[in-house]
Structures are given as C-alpha cells and as structure tokens.
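Once you scroll down, you'll see the structures, which are given as structure tokens.
First chain A sits with chain B, and in the next complex the same chain sits with chain C.
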Partner chain A sequence: MKLKPTIALSAAGLLFNPATGDSFSANPVALEILGLLREDAAPEAAKTAVLARYEVEAHQLDKDWDDLVAQLRQHDLLDS
Partner chain B sequence: MKLPYERPHIRKLTAGPPSKFGPRPGQQPVTELDGVPVTALAARYGSPLFVLSERQLRRNYQAAVRAFGTRYPQVQLAWSYKTNYLNAVCRVFHQEGAWAEVVSGFELEKALGNGVPGHQILFNGPGKRRADLLRAAEVDAVIHLDHADELHLLLELAAGLPQRPRVALRINLDAGTFPQWDRFGFNLENGQAWQAIERLAAAADRVELIGLHCHIGTFVLQPAAYGVAAGKLAALAQRCARELQAPIQYLDLGGGFPSTNTLKGAYLPGPDTVPPLDDYAEAITQALLGAGFRPDELPLLILEAGRVLVDDAGSLLGSVLATKRLADGRRATIVDFGVNLLFTSYWYDHLISPTRDYSPQTETTVLYGPLCMNIDVLREAVSLPLLAPGDLLVVHKVGAYNMSQWQQFITLRPNVVLIDMQGEVHVVREAETLAYLQQLEKVPGHLR
Partner chain C sequence: MNPARPRLTVALTGLNAVDSPGPGVAVARALRESPAYDVRLIGLSYEALEPGIYLPDLFARSYQLPYPSAGTAALRTRLLEIHEREQLDVIIPNFDAELYNFGRLAPELAAHGIHTFLPTAAQLEMRDKLNLAAFGAEHGLQVPADMRLFGVADIPKAAAQLGWPLVLKGRYYDATVCHTPAQAEQAFWQLQARWGAPVLAQQFVAGQEINVAGLADGRGGLLSAVPMRKLFITDKGKAWAGITIADDALPALARRFAAATRWRGGFELELMRTAAGELFIMEINPRFPAWIYLAVGAGHNQPAALLQLARGEAVSDFNEYAVGKMFVRYAWDLVVDNADFQQMASVGEL
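And now, the complex of A and B:
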C-alpha cells in the first residue's frame, strides 16, 4: 500500500493531488502514517511506530487503520 | 510518555466563498453540569442519563413571573404537566407557586398527588371522559370545555352534582398565525364560541363560567399573535359582562412559548432567532391593559407555560458506541440514545457538545441512535470532533417533552437525575428493568 507518488504532503498536514486539484488536511496521526507510507514503510511497521508513539491499543489502531485506508481509497490517493 | 491519540483522519478542503457568518467557533467541551463532572455522573448513574437542573428550573420560572408580573397586576402560571410530568419537576414549579394544567385523568391525579389543591388545577384536553369530568368536579378543578359534546355531557352530569362545576371555555381564533389552530375549543369568528357561552349562561344554575382560554399554537415565534389573541379574548370577556351579566374572572392565553432550540430547517440557530419571553409578555399585557377594562375589573391572566420553563433545564448525557463509514464515505456515529429517548430530535437540530478537549479537527457525521430501525437518526449532519467509542456527549435543552413522550422501545429508559440547588444529585426516576417492563404482562396458561 503506497501513496501515489505525485501526492504532495506538507509538514503542516496538507495534502495536494495535482491530478485532480483536490486538497486535504490531515490530523497529526494521519500525517505521521502518511509520512511513513511515503517512506515505503510496510503497514505493520507503520502501525508499530504509531503504537510506540501514541496512547492507543493495537485493536483500536487496527480498526482506525482500515478506516484511514478507506478514506485514502475514496479520495483516490493510493497507488494500488 | 506517549502522545494522546486521535484516530487518523483526512478532510477534503473545499474552495468557495467564505461563510458570511465567519469561521465556525470551536466546540467548547462541557465537562460539568451544574458543577457536577459529567464523567462522575455517567460513572455513577450510567449512560445514557437525563440530567435536570433544579437551579435552572427555578430560574426559568422566576424569569417568567418577572416578565409578566412586572407588566400586569394579576398573573398566574399553570405548569403544563404534559411537558414533563416527573413529580420532582412538577413539585419544583409548585413550590415556586405554579398551578397545574393537566390534559387527562391521570395527569389530574398526578397533580392532586403532588399536593396541588383542586381549585388550582386547570383541566384542558379534547378527550375527557365522563369519569374525568366527575372527578374534576369533585375536586373543584376548573374544566376547560373543548367541544359541544363535552359541554352537554357536563351539563347533564352537573344536574346531579351537589355543587356547580367551575368551567372555562376553550376558544380558537384567528391570531394571524398560519396554520390557524382550530382543533381545540370553540371558534370565535364563526360564532361557535358565543353560542357556547350563551348556553353556559343559560345553565348558570348548574355550571359556573369563570374563564376564557385559548392556545394558538406551539413554538410560536410571533409575539404579536399573542397580542391579537389577548385582545380578542378581552373583547369577548367584556361582551360576556355587558350582554349576559356574566363577568369573566380569568383569561388564559395558553402556552406555546418557544425555547431556544433550533427547529429543523431553520436558517439561523434558535438563540439568534427566538424572541425573548419579555416580548410575549409585552404583547399580551399591552393588549389586556388597552382593552378598556376598569382597573378593578382586570381579569386574572393565566399562562400555561411548559417548554419555556423546562427545556433548557434538561440535558441528555450519552456515549459513543461506535463510528463507521457509510457507502458514500460519510462518517456515521452510533450513540447509546435513540429517537425513543430523544423524541424532540424529530423537531430540533439539538446542540450537542463534546465533554473533553479534542484537537481542532472536526468531521461531519450522521448521528444514529442504537435502535435497529432506519428512522433512528438524531442528526442528519453535525460537525463534531473525532469521536471514539466510549466518548461522552451532552445533548442540550432536552427538558421538554422527552421525559413524557419517550418510548420504551428496543431499549429500556434510563435514570433521570436532578441536581439540586446545593449540587447534590438525586435519582428522580430509576432506570427501567426487564421486570418493570413485564410486570403488566400476562402469559396464558397454555403458553406457560
């Protein structure tokens, strides 16, 4: 699972898709995950990093991860 | 130490002209109700939980008395039982001096049980039974006659009673509102009302006509309409005195005064659009004072306030059960209270507050109750922080009608607590149990 390489991601949490002109704002946890994906981190590695850094249970993160993926798919931001 | 977590979320930014109302203010968390932490309330009394504020009940009552009493010499409020007939609520208002306005036999008994003297009970409603009329006459409640069948039934019953029942006539009239409410009482403009008054005057040996009543609508946003109604009732009372030598002791302008909830479909929020009660008081009292009564003939002004006294004294505390995403990508949030408890969600876009700090991120969500019914929608679209299961929410201004129109359906009704003037919390209605629910059921022998 990878972000489309053309997606621009700013440190302030703004996403821009030049193919569609759509812009998005990401909250801090989403920004961290997107940054990890941008660096080609595998999903499990990204989750491990989030679990180490944030106060969240693994099952909750799993559920929220699926929801984030659904959001990214809905907005056509994933490569595959 | 780990960072606080919030579920990952992206929000599409949409370009367009800026809102003419300016940026939406951030939602302030409501961490306490009348000084009691909401987390403590939920932990002790469960979720969902109705919370009533005795302080706000009394404040509202006193404000209403002040609005009318500073403008007119004789004013009496009659608490509208159907709005919220929990005994604790009724007794707060009765302690403040309210009479009772009831609309059924059981409400009449409730008022009597709350210590209201019969002569301070006004019995409205279109569906009084023979037994109700007899009971009202027995306790000297004022019977507000709704239709000709009721009038004639009472005249028949009164012939056998030891004392004359005291009655008022319910009048419907054109006060300039649309739609005109004409289902309650006798119409003024087509002559029905006068015909009924003449009938009562002719039977003065059996019944005593003491008042005229009207109720022009509910959540009426035009104070001027009350002025029109008051003027017409005053003119009718004067005609009674002049032509029938039947002086009218009181004019009852009913209820219908709005709270500051936001009606569904309203362009602007309720607090910005609902006139203050003073505007209604001004319209009514100016009409009465200018109607031509001699000072010593001014009738008592009665108001059957309900919603305006109790709505903002009630809150509903509830919890998020789950969040999910709908087929079109919209967020959906499922909470532990449904339309069976929050009946007024059919009418209002209730203000809903978080109870702790969140990040500035918000998302628009559909708010569903827990019922397995498609109609269980509390808000079609409401902007809320990124909620997670277990998070507490407060729904504001739920004191009117919910705790009387609620339904036991799929879930059991929860605890209701009252926070008193000292901040002490009292359970005023216990959460229902399966045993309570089934106590009236009978299982035939062949099914045991």
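And now, the complex of A and C:
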C-alpha cells in the first residue's frame, strides 16, 4: 500500500491530487501515517510505529487505520 | 511602452464580462502580457453595457458592431470604418455566432492589412453542437447521444431514446437539465425563443466537469492544452473558480482533436469525466474560454501566441504548464459617467 507519488503532501498536512485538483487536510497523526505510506511502509510496520509513539489501543488503531485507508481509496490517493 | 516590443493594435470582441461571460476581457489581459508585442487594444461590442467598454486601462477605445444577424456586408463596412481610424493589425473575434461572418471577411481583411487566425467554416460546422455526435463517431471520440428537437412533440421520442434526465441545449448557448416532460417543454420554448430551432436534446452524463483550453496551428498540430477542473460552478453552469490539473489523457484528447480537424486557433473542450473514468466531450467551443487567463497564469499565454500565428510567425509548442494554479473570479462594480454610456449607446464608440 503506497500513496501515489504524484500526491503533494505539505508539512502542514495538506494533500493535493494534481490529477483531479482535489485538496484535503490531514491531522498530525494522519499526516504521520501518510508519510509512512509515502515511503511504502508495510501496514503492520506503520501501525507498530504509531503504537510506539501514541497512547492508543491496537484495536482502536486498527479501526482508525481502516477508516483512513477507506478514505484514501475513495479519493483515489493510493497506488494499490 | 517597452521599446523592445513592436506596437500592435488588436481589436477583439467578447467584452461582456458578466455572469455568463464572454472571453474578451480575459483575452485582453493575456494580450497585454504578450512577450512579443506591445499591444494596444480596441474593444468591439454589441451592447452598450458590455463591461469591457468601461475598462479604459485595458481598451484604448471601444466601438459598437452590428449584430451577426445583420450580415457580412454590414460587418465589413463597420470594421473598415474602425480600421481607418485605428489602423488595426489583428482582430480576434471571441463569440461563436460571429465567427462565420469574420471568417468570410478574413481574406478581405487581410488585403487591408488586418490579420486573423480563425477556424474555417468547415471546422466550425463539424464541431457545431448539432453535429457533435456525428463528429465523435467519425473520429472515435466519446460524445453523448443526442437528438434534434423541432417541436415539443419530439420530446417523448427523445426521452425514450436518451432517458431522463434530458439535457436541452440552445442552438448557440444555454443548457437546461430537465427531469420531467413539463420541465422539458418549458425549456424547449425558452431555448427556441432565444436561440432558434432546432433545440438539441442530449443524453445526461453525470461526472466531474473538466475543460481544456487549447491552441492549434491549423496544420494538425497542437501547440498548447491547459486542462482545468471546475471548483465552483454558477447556476448558469459557468466556472467561477477552477484549478489546473495534470492528466495526460486530457492533452492527448486535445491533440487528437487538433489532428482530426486541423484546427486553426483557440478552442475549448468541455468534458465530463464519469465515475468510471470515461471522458465524454460535451461541447467544443471554437474560441478561447472566458477562463483563458488561468492558462496564462499557468505559463501558456495562448492568446499572445495566437497573435503570432495570425501574423504568420512560427510558434513553438509550449512547455509544461503549472499544475495546481487556481482562478477565482470576482464581480467588480465599475463606476462610470452616464455621458460615457450615452455616447456608446448613441454614437457607438467611446
């Protein structure tokens, strides 16, 4: 799972899809995850990194992760 | 005046910068930024309240033209009158309906030293909205199915063929999405009264509205294509804000159009991208769009290049355009003296 390489991601958490002209904003945690996805990190490795940094239960992270990925897919921001 | 750039006097129409705007003011702004010429602009209007007339920083003078329905002879007389006073170098007409008359006069204008770079009558016909479906079929371009309506009695047949909702379009401008027979009848009468018969019924295509502003060299080559996605659409369906986007399929489509038609000059492809990713050509406008200044902002000054084409100069393909450039249109109240309006309305020039 990887963020499309054409997607512009700013340090302030703004995403821009140049193919559609769509813009989105991400909160700091989502921004961190998007950064990992940009590096083509495996989902499990990315989740482990988030669990290590934030006080969050694994089941809650799984749920939020699935939500985020669904949104990214819906807006055609993922390569695969 | 920049002494490095030769002075050129250019007349153009489409000064109606209103809620359904003509492209003239945007084209004028682009021409003022021509890297090749120091452009002096002459406005050509049809109505005394076209806002561009009252922009003296843009237009040195403005003159009223006879309506296209007055014919070629009346237009010729008026243009030569204006030429005698202003020594025009180039004319850029910006309305669909006037292009036939200007095209017929082009050789005569050229003999007077007035250059144009216009699509031919055959090119205008093939992309005419009444012929668009046949054009698409001939060139393998995806175009919504349509049917000509000559009376309200044709509406049930159109609905049976094309389904609901139906899009009813005027001969030159305006479109209405109709969800019921009653809406379709009302739209038919309104469109016929305004633009004449036939009215066009078109298959409704849902999706994202994307437009491409293009410039072609008349020999089958595309010089520039700048795609824009509409971000804010007015109740008249006009883009009030938009953003340049990167999608190789869009310039490729413009290139196919330019090659298939050997198009001369500016054009606009009005497209719809469906959720499945299909691209439909909804309309092809034979002139620059009202948002053409966005293309300038993205690095493609198509109107300035058109000047060079009109003067027979070589124009190279543009390089990449800037992606993510946005335009946001605004309304601005011009305060003018009533005497100026009276002069334009009565004498036909200002």
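Assume the second predicted complex is superposed on the first by the 80 of 80 C-alpha atoms of A that agree within 3 Å, B and C clash if a C-alpha of one lies under 4 Å from a C-alpha of the other, contacts with A are read in each partner's own complex, and residues count from 1 in each chain.
Methods note: contacts are C-beta pairs under 8 Å (C-beta built on N, C-alpha and C of every residue); 3 or more make two chains touch, one makes a residue touch a chain.
Computed from a prediction, not measured in an experiment: that's the story for all the values here.
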Inset, instruction - Label the relationship between chain B and chain C on chain A in the superposed model as either fit or clash. - result: fit
Inset, instruction - Tell me which partner A:19 touches in the superposition: chain B (first), chain C (second), both or neither. - result: second
Inset, instruction - Examine A:71 and indicate which partner it touches, taking first as chain B and second as chain C; both and neither are also allowed. - result: first
Legend entry - More chain A residues in contact - chain B or chain C: B
Inset, instruction - Determine, under the contact definition given at the top, whether A:29 touches first (chain B), second (chain C), both, or neither. - result: first
Inset, instruction - May I ask you to decide whether A:6 touches chain B, chain C, both, or neither, giving the answer as first, second, both or neither? - result: second
Inset, instruction - Quote the smallest CA-to-CA distance from chain B to chain C in the superposed model, rounded to whole Å. - result: 6
Inset, instruction - State which residues of chain A lie in both footprints, the one left by chain B and the one left by chain C. - result: none
Legend entry - In the complex, chain B residues that touch chain A: 2-13, 323, 325, 329, 359, 361, 386, 388
Inset, instruction - Going by the contact rule at the top, pick out the chain A residues touching chain B in the complex. - result: 15, 22-30, 33, 52-56, 60, 64-65, 67-68, 70-72, 74-75
Inset, instruction - Using the touch rule from the top, collect the residues of chain C that touch chain A in their complex. - result: 208, 229, 231, 242-247, 323-324
Legend entry - Residues of chain A touching chain C in the complex: 6, 8, 16, 18-21
